[in-house]
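The two complexes that follow have subunit A in common; it is paired with subunit B in the first and with subunit C in the second.
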Partner chain A sequence: MSLVHQIVVLFRFQLRDEVRTGEVAAVVIPFGAIALLVIPMAIGIETTLLARVGPGLFWAVVLLFGVVVTQRRTASTGQAHHDALTLLGVDPAARFAATALASGVLLLVFEVALGLVTIVLYDPLLTGWAWLGLVLPLVAAGLAMLGTIAGFVADGRGPLAPLLVAPLAIPILLGAAQATEGLVQGAGILRWILMLALVDVLLALAGVLTARPLEGPST
Partner chain B sequence: MPEGPIVDVHGIALRRPGALILRDVTLRVAPGEAVGLFGANGSGKSTLLRVLATLEKPSSGWGTVLGAAVGTGAAEMVRTRIALVAHEPALRENLTLEENLRLVAALSGRHDEDAAEALAAVGLAGARHRRAAVCSNGMRRRAEFARVALIGPDLLLLDEAHVGLDPAAGILVEEMVERTTSRGGAAVLVSHERERVREIISRSVTLSDGRLEETP
Partner chain C sequence: MTRPIEIAAAGTMLTALVAGLVVPPDAIQGDLQRIMYVHVPSAWLAYLAFAVTLASSIAHLVNRDLKWDRRAGASAEVGVVFTGLALATGMIWGKPVWGVWWTWDARLVLTAAMFFVYLAYLALRRSVDDPVVRGRRTAVFGIVAAVQIPLVHFSVVWWRSLHQPPTVLRPGEPQIDPPLLFALVMGVVAFTILYAALFRRRVELAEVEDALVTGVAVGEAVAGAAVVEPGGGGR
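== the complex of A and B ==
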């Protein structure tokens, strides 16, 4: 059974489980949207100010609520299911990749949904919107992999995973915020894109290499 | 067919912080044998099953499971020949029973039709589109047995498989063990109900305070 086959199968079933559970669609996205909605109420409805701070607030909300997406219930399924997968010969690296892939897809949906809310509420003055087609997936992939690694490390120990993700996601948040700031200013953002890509590559390597040791006590 | 003993472990000990769960456990299970594993709550039965399933690395001791040395990377090579039915069902709650079995089929190189057949064989054909979350404990147990049938293991490890089962479903446990042992495999059954498994097992052992003893 090839690694790719295992990843595809696990990804497919995990995503189906999440679609049916609806935790991201019914809970996380609405709460993220509410967070974006209440901020203008707190700082005042000054359109110029909102347009200026909108992109930064968008990324802050994506980071904070994105952690919840990566730690959703369907990302881990208890000891018995985990053991069953192990006895089916599933490679820990395949589990990491499939979980990260499913989280990445969900985070991308989350980003797009919140992006639309941000456009409606904040009307950000971006140029070069097409670049977001690169920035959004890169951020989603980075957060997904980071959250998956943190989930493996925390191994069900309550709030440890979010506490691990938030500080370690700073390079991703920095890259994303600077890239969008560049789009506001009309400046080049290639270096920030490359930085996000580099962070993603490093996280992918870290995830694959640490998946087996983080699996827990086994032979 | 497996050659040599299915399980042959000696002096197995397992420590966890503040507790010695298993001490000096020696167990040999030959092909075709079904061994009953008894003991009080907390005596280490489930932990021993996890060690035999290669899911726990013993702190000390040596031996083989399906010919692979325990506590080494070699044990990973035989995992796909082992099936463990634990207390908690290995099901994704929001997938249907059939989807859960299809996941197993896809990861073990079998077809979707095999999953449907395995469910039908344990009397769950009519409930195959029902989500695991809304199934009774007995139905979930049966789905676990379907998983075992799909895998066709050489080493079957059952942790109180009779719990929550009606008498008719209890026969499924018997059939599952019989199917495994008749192919030259072996089974280890943890149970609190000696009478219920008496007809299935060929001999019994008892764990007491982490130590294993043959039971007459």
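== the complex of A and C ==
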């Protein structure tokens, strides 16, 4: 079975898992929406202020709650499943790529859903919104790969993965927030797009190159 | 037992302390600037320590020898202490000079992020008991975490920053008077030797910790040592 075929099969398997469990749709998206709902209660409900800070809060919530998306527990994340894939000769790089790809798709859905909540609750200025068609997938891909690497490294030690991901995701948050701010100000955002793309490429390389060393029995 | 490097560390630290106290005060900041003789060497040590962690992590992944994992962990631990010291001294200096303990400056924010990244690295080390599994996992994170080092250093160049740009490590002549430069260099030398002494002690402690977990002292021959698990860890 070729590497691409392995990735496709594992990717479908993980998405099917999510369809069955509905963890992202039924738990994480509502959780993120609640966060966007309660923040104005803490900082004040002045509509001009909320319109100003809305995009930034959206990205902060995506980063923090996106970690939960990448660390979701399903039937395909257990040690038995991992051992079965190893015995079947599945390439560790294919396992990384498929997990990151599935998390990326789910994160994109998460971003779109929370984006709509942000528009409804915060009423931000939507200048140049078409660029979000590029920014959202780049952020989703970066967070997905970072979360997948952290998930492999933390190996089921639940509270550890968010601590590993959050500080390392700061370049992604900076790029996304600056791109959105640039859209509102009418400034060029190409350099922020390039920065996000560069981070994604570096994470893809890190994920593929370190997938094999991470293979092996865990404790 | 006290080693020559520890005596050297104590001697150079004392010399650096005296130099930092006797050189003339800064023309604008006065005596407040003396805190830089601790702040700058601490920041330098953070870079050095995390670079050693990166190099040791790569070495561990290449040859699977656990001594590299212990070196990576020891260096990260010392680095976290000195990053915390750099942040604390920066804040103590910032309050009278900038008027605030903390400001949302790129260098400050990214240094704090680097501090948390390596705290997470240490948490990851503590979460795994088996030295072989720990070595593999933390080496990968040690490599990914190192992306923070150039980001922190060049943040004052890449972003408009309140933090001053490089004064000594810059193209052209250093922008600092010779007596002040001497005190700063003494601080860097003393802190570097102190790092070497602390690093060595911490590596020894890590060897004892691993021996406690595995029940085999480092360097001790094990029955059947010639037969090893493929890709398994060394000693």
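Structure notes:
Just so we're on the same page, the second predicted complex is superposed on the first by the 214 of 219 C-alpha atoms of A that agree within 3 Å, B and C clash if a C-alpha of one lies under 4 Å from a C-alpha of the other, contacts with A are read in each partner's own complex, and residues count from 1 in each chain.
The criterion applied here is as follows: contacts are C-beta pairs under 8 Å (C-beta built on N, C-alpha and C of every residue); 3 or more make two chains touch, one makes a residue touch a chain.
Keep in mind it's a predicted model, so treat the numbers as computed, not measured.
Once the two complexes are overlaid on the shared chain, A:171 sits against subunit C while remaining clear of subunit B.
When the two complexes are overlaid on their common chain A, residue A:71 makes contact with neither subunit B nor subunit C. In the superposed model, A:21 makes contact with subunit B only, not with subunit C. Within the superposed three-chain model, A:154 lies in touch with subunit C and out of touch with subunit B [touch as defined at top]. Of the two partner chains placed by superposition, only subunit C is touched by A:214; subunit B is not. When both complexes are overlaid on chain A, the residue A:81 reaches subunit B alone and has no touch with subunit C.
Within subunit A, the residues touching subunit B in one complex and subunit C in the other are 217-219.
Contact residues on subunit A toward subunit B in their complex (touch as defined above): 1, 6, 9-10, 13, 16-17, 20-21, 74, 77-81, 83-90, 217-219.
Residue ranges of subunit C in contact with subunit A, taken from their complex: 61, 109-110, 113-114, 116-117, 119-120, 123-124, 127-130, 133, 136-141, 143-145, 147-148, 151, 231. Note for the complex: subunit B touches subunit A at residues 50, 53-57, 70-73, 75-76, 79-80, 82-84, 86-92, 94-95, 99, 102-104, 106-109, 131, 147, 151. By the touch criterion stated above, subunit A contacts subunit C in their complex at residues 149-150, 152-155, 157, 160, 163-164, 166-168, 170-171, 202, 206, 210, 213-214, 216-219.
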